[in-house]
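Letters are used for the chains, namely A, B and C, taken in the order the chains are written, and counting of residues starts over at 1 for each.
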Amino acid sequence: MDKPRERSFLADTPRLLALGLVGLLLLMPYIWMLSASLKPLDELFRASLSLWPERFHAVENYSRVFSQVPVFHYLWNGIVVCAGILFFQLLFAVPAGYALAKLRFPGRDIAFGLVMLGLLVPPHVPALPLYVTFSKLGLLNTYAALILPFTISVFAIFLFRQFFRALPDELIHAARLDGIGEFEIVWRIILPNSWPAATAFAIFSVVAHWNDLFWPLIVIEGQARATPALGVLYFRSDEAGDDFAALMAAAVIMTLPLVLAFLFAQRRFVEGIATTGLKG
Amino acid sequence: MALVGPSGCGKTTLMRIVAGIEIADSGNITIGSRNVTRLRSAERNVAMVFQNYALYPHLTVRENIAVPLAMRRLSTWQRLPLIGGIIPGSSGKRASIETDVIQAAESLGLGTLLDRRPGQLSGGQRQRVALARAIVRHPAAFLMDEPLSNLDAALRVQTRREIVDIHRRVGAATLYVTHDQSEALTMADRVAVMQAGKILQVASPEAIYHDPQDLRVATFIGSPRINTLSAQADSAGRVHVSDAPTGLHAEPGSLILAVRPEDLRLSPNGIPCVVEGIEFLGESLLLHVRQSSSGEPLVMRLPPELSRPAPGTDIFLAFDPKRALLFHTDGRRMPSRGHIGHAQELALV
Amino acid sequence: MSSAVGLGAIKVTRGAPIGEALAGLMLTVPAGLAYLVMLLLPTMATILLAFTDYELGLPDWNWIGLGNFTEMFEDRGFGVALRNTIIYVGFVTPLSILLGLGIALLIESGIRGRATFRAIFFLPVVSLTVAMAAAWQYLLHPTIGPLNGLLRAIGVSSPPYWLSSSDWVLLSLSAIGIWENIGYNMVLFLAGLTAIPRELYHAAEVDGTKTWLDRFRLVTWPLLGPTTLFVLTITMIRSIRVFDTVAVLTQGGPNKASEVLLHTMYKEGFTFLRLGYSAAITLVFLVMVLGLVWLQTKALDKRVHYG
């Protein structure tokens, strides 16, 4: 009843045209990236404005990336790191969020104050001492170095606390009357009732850490533990040189996984970022 | 005029069409003698009070009430912040707006609240700001969409009287949408009953209650619901319920007989029924019974001091045929001719 | 039939039962430990480091008070980085907010194509920043880049060198920054727009608003206030952190023309291993972020929340 009426296509044309034009402009980097990844190098150097290649060189470009760069290795590293980070973030933040939202215990207000304080500190601030510590412990170039600093997400604690507070107390009282312990309540009652918050946070976390360059650049050297972001960086400086065709092919390959995931679960992504954004 | 119907029947949509917020696919809307079907909302000169009041949260009470005046009396340039004040003619217009706003606010007892924001007001106060915003510009018609549904019971009765009072003072045509039949019956001169997108009957509250033209109107208005009994008229036109004559006459065939709970009486030679339960309401008793032969449930209202029959007891119910209503099985009202000549009330059977 | 429920004298204690308090503590301890080790202690260590001349690899270090800060404000490089960062924020914040708002309003004003356009504008947010930086590098390449190809085709004889020109590099990076942030801001504005009660628009119509602009000024803009303030702060904090594109595309060059705060901090700390000095830069960065948050909560919040 409240939805605006579907306008006639004609009346909607100016809006569609404006959005289409701006959208096309925004898509330019993608369009040219794809186009360049299909062309042979000499065609690129002629700087022709034609999007369609005269000679298809896609197979050569993409196979060059796959032969010179351990693409799947980078992607695997990215998955391990993102999954590891998310696992620990949930493991620590969900119980803490529950305790802060629903339980009375000494020091709760101080703990929540610390969470709010932590929200103000960008992750770049603790980077230097963490780097020194990891290097002293010989942890550089390990998954641990990539995962450990992000195991605690004050933002996740805050988000879950806000969400759990909105859950009815009756849910927890009923569970206690049924004889379920607090630990089980967290994982078997609270979390299953909090999927919107959990997926929203998961998407937020994965997008952030899949794209992160700052920290991997600090603690990783060489291919063994390099994330996709580092992989593109290495390929760009070492292998590709001025071979933009292959570089664009590498960029396409590395961008694809998350973009595909986004296109499949578009609504969830957008809602996830919107809810985490608005609460942060 | 009140528009009443169950939720989802289309009454709010109808009101929005009248307001110009939604567009009718066909048909005409006239306000007074003016055809406004093709006019935009702004040009129709109607004021509306919304269910959730729809006050602008960032504006003070004074500014909220002034909006409809500012939109009409000031030009686009004059409404601009800062520059608006220097444009010739604007200060005079602003002063006249201020006078009208204060007058409207005073008449609703909002004089001391002018500089508050809606968020700092109680529900009843917000309601009155919404009313003030509606009356300030003396519209051709008022539209009110469930204006009382967000108030608590005590405030509702009080505001109900205030709205009637305003209506009497201002005198403009008012269309009042509600799902609450008691609001419709108490406040309106005329009541329109709406169901599933159709207006079933428009009449005075008394006529709607005592003389409904449609079974759906009869069952919607009145609490507890009117009792319905399936009945037959024989070839002579005598109406029977469970093979017992009622003293009413109608065209031969199946029909539906409806009697309000307060029109049923206990009578030794009435319809046999079994008592199912009793509800004590304070000023009366409700007796829930089931007709022995057909199994149809009935409700009757009794004076509270009467001795209460225990559940399971057999009793006999009768009614005054003058007060019984006859309907075709499709719900249309049927003229009942039976009681002509039966001046005294007739117990059936 | 029915069992009776008896109510004897019941005493209600206000405090938490021991069990609940214990469970509360147990459930927060893991997070508390991680917080301590990964966030609180390192942050405090950074603050302390800023007042030392600690360099990784050197055997000893000294407290030097405000030494790092005086060096910083005499260092031309830091001044340039600070100025560049502020210019970058100054470009990216207003433009990405205006464009994000404009697109959100356009999308919201109709039904057709909503999901598709939302997805298109959101794409940069989920794209690997480093890879897209490479795409931008090709797009903006002085000789073989399509942008300059287009400019030459329409008659510009010597188009700018974009990322390799000290005059244009900051502008080019800002353009990429705007491109990255539009989708994010658009999504936040869309959420803000759907939260505005439709009844207010109906009231505005009945009250006599005739044009889109009237309704925008009377309802949309004021009710979007809290969203706009939030988007403003978050975009400033996001763009003050600019690092990826600089690290990938220019490394601060040419001739420090694109040097920014976090990149300077990274270079001093992790390339030259001057941790004390780098920590001091981090502290300046932290103070700027805190300043923005303070501005949001104290100075502006009261104006856009209508209590």
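In this text, contacts are C-beta pairs under 8 Å (C-beta built on N, C-alpha and C of every residue); 3 or more make two chains touch, one makes a residue touch a chain.
Computed from a predicted structure; not experimentally measured.
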item	value
Dominant chain pairing [most C-beta pairs in contact]	A-C
Farthest chain (mean CA position) relative to chain A	B
Distance between the centres, which are taken as Cα means, of chain C and chain B, whole angstrom	54
Interchain centroid distance [CA atoms averaged], chain A/chain C, Å	15
Distance between chain centroids, defined by C-alpha means - chain A, chain B (Å)	55
Touch list for chain C against partner chain A, complex	15-16, 20-28, 30-32, 34-35, 38-43, 45-46, 49, 56, 99, 103, 106-107, 109-113, 115, 117-132, 134-136, 138-139, 141, 143-146, 148-150, 153, 179, 182, 184, 187-188, 190-191, 198, 227, 230, 234, 237, 241, 243-244, 247-248, 262, 265-266, 269-270, 275, 278-279, 282, 285-286, 289-290, 293
Chain B-touching residues of chain C, taken from the complex the two chains share	197, 199-200, 202-211, 213-214, 218-219, 222-223, 225, 306-307
Of all residues in chain B, those that touch chain C in their complex	16, 19-21, 40-42, 46-48, 50-52, 54-59, 67-68, 71-72, 76, 117-120, 133, 143
In the complex, chain A residues that touch chain C	2-4, 6-7, 9, 12, 15-16, 18-19, 22-23, 26-30, 32-33, 36, 44-45, 47-49, 88, 91-93, 95-96, 98-100, 103-108, 111, 114, 118, 120-122, 124-133, 135, 148-152, 154, 157, 181-183, 186, 207, 210-211, 213-214, 217-218, 228-230, 232-233, 236, 244, 247-248, 250-252, 254-255, 258-259, 261-263, 266-267, 269-270, 273-275, 277-278, 280
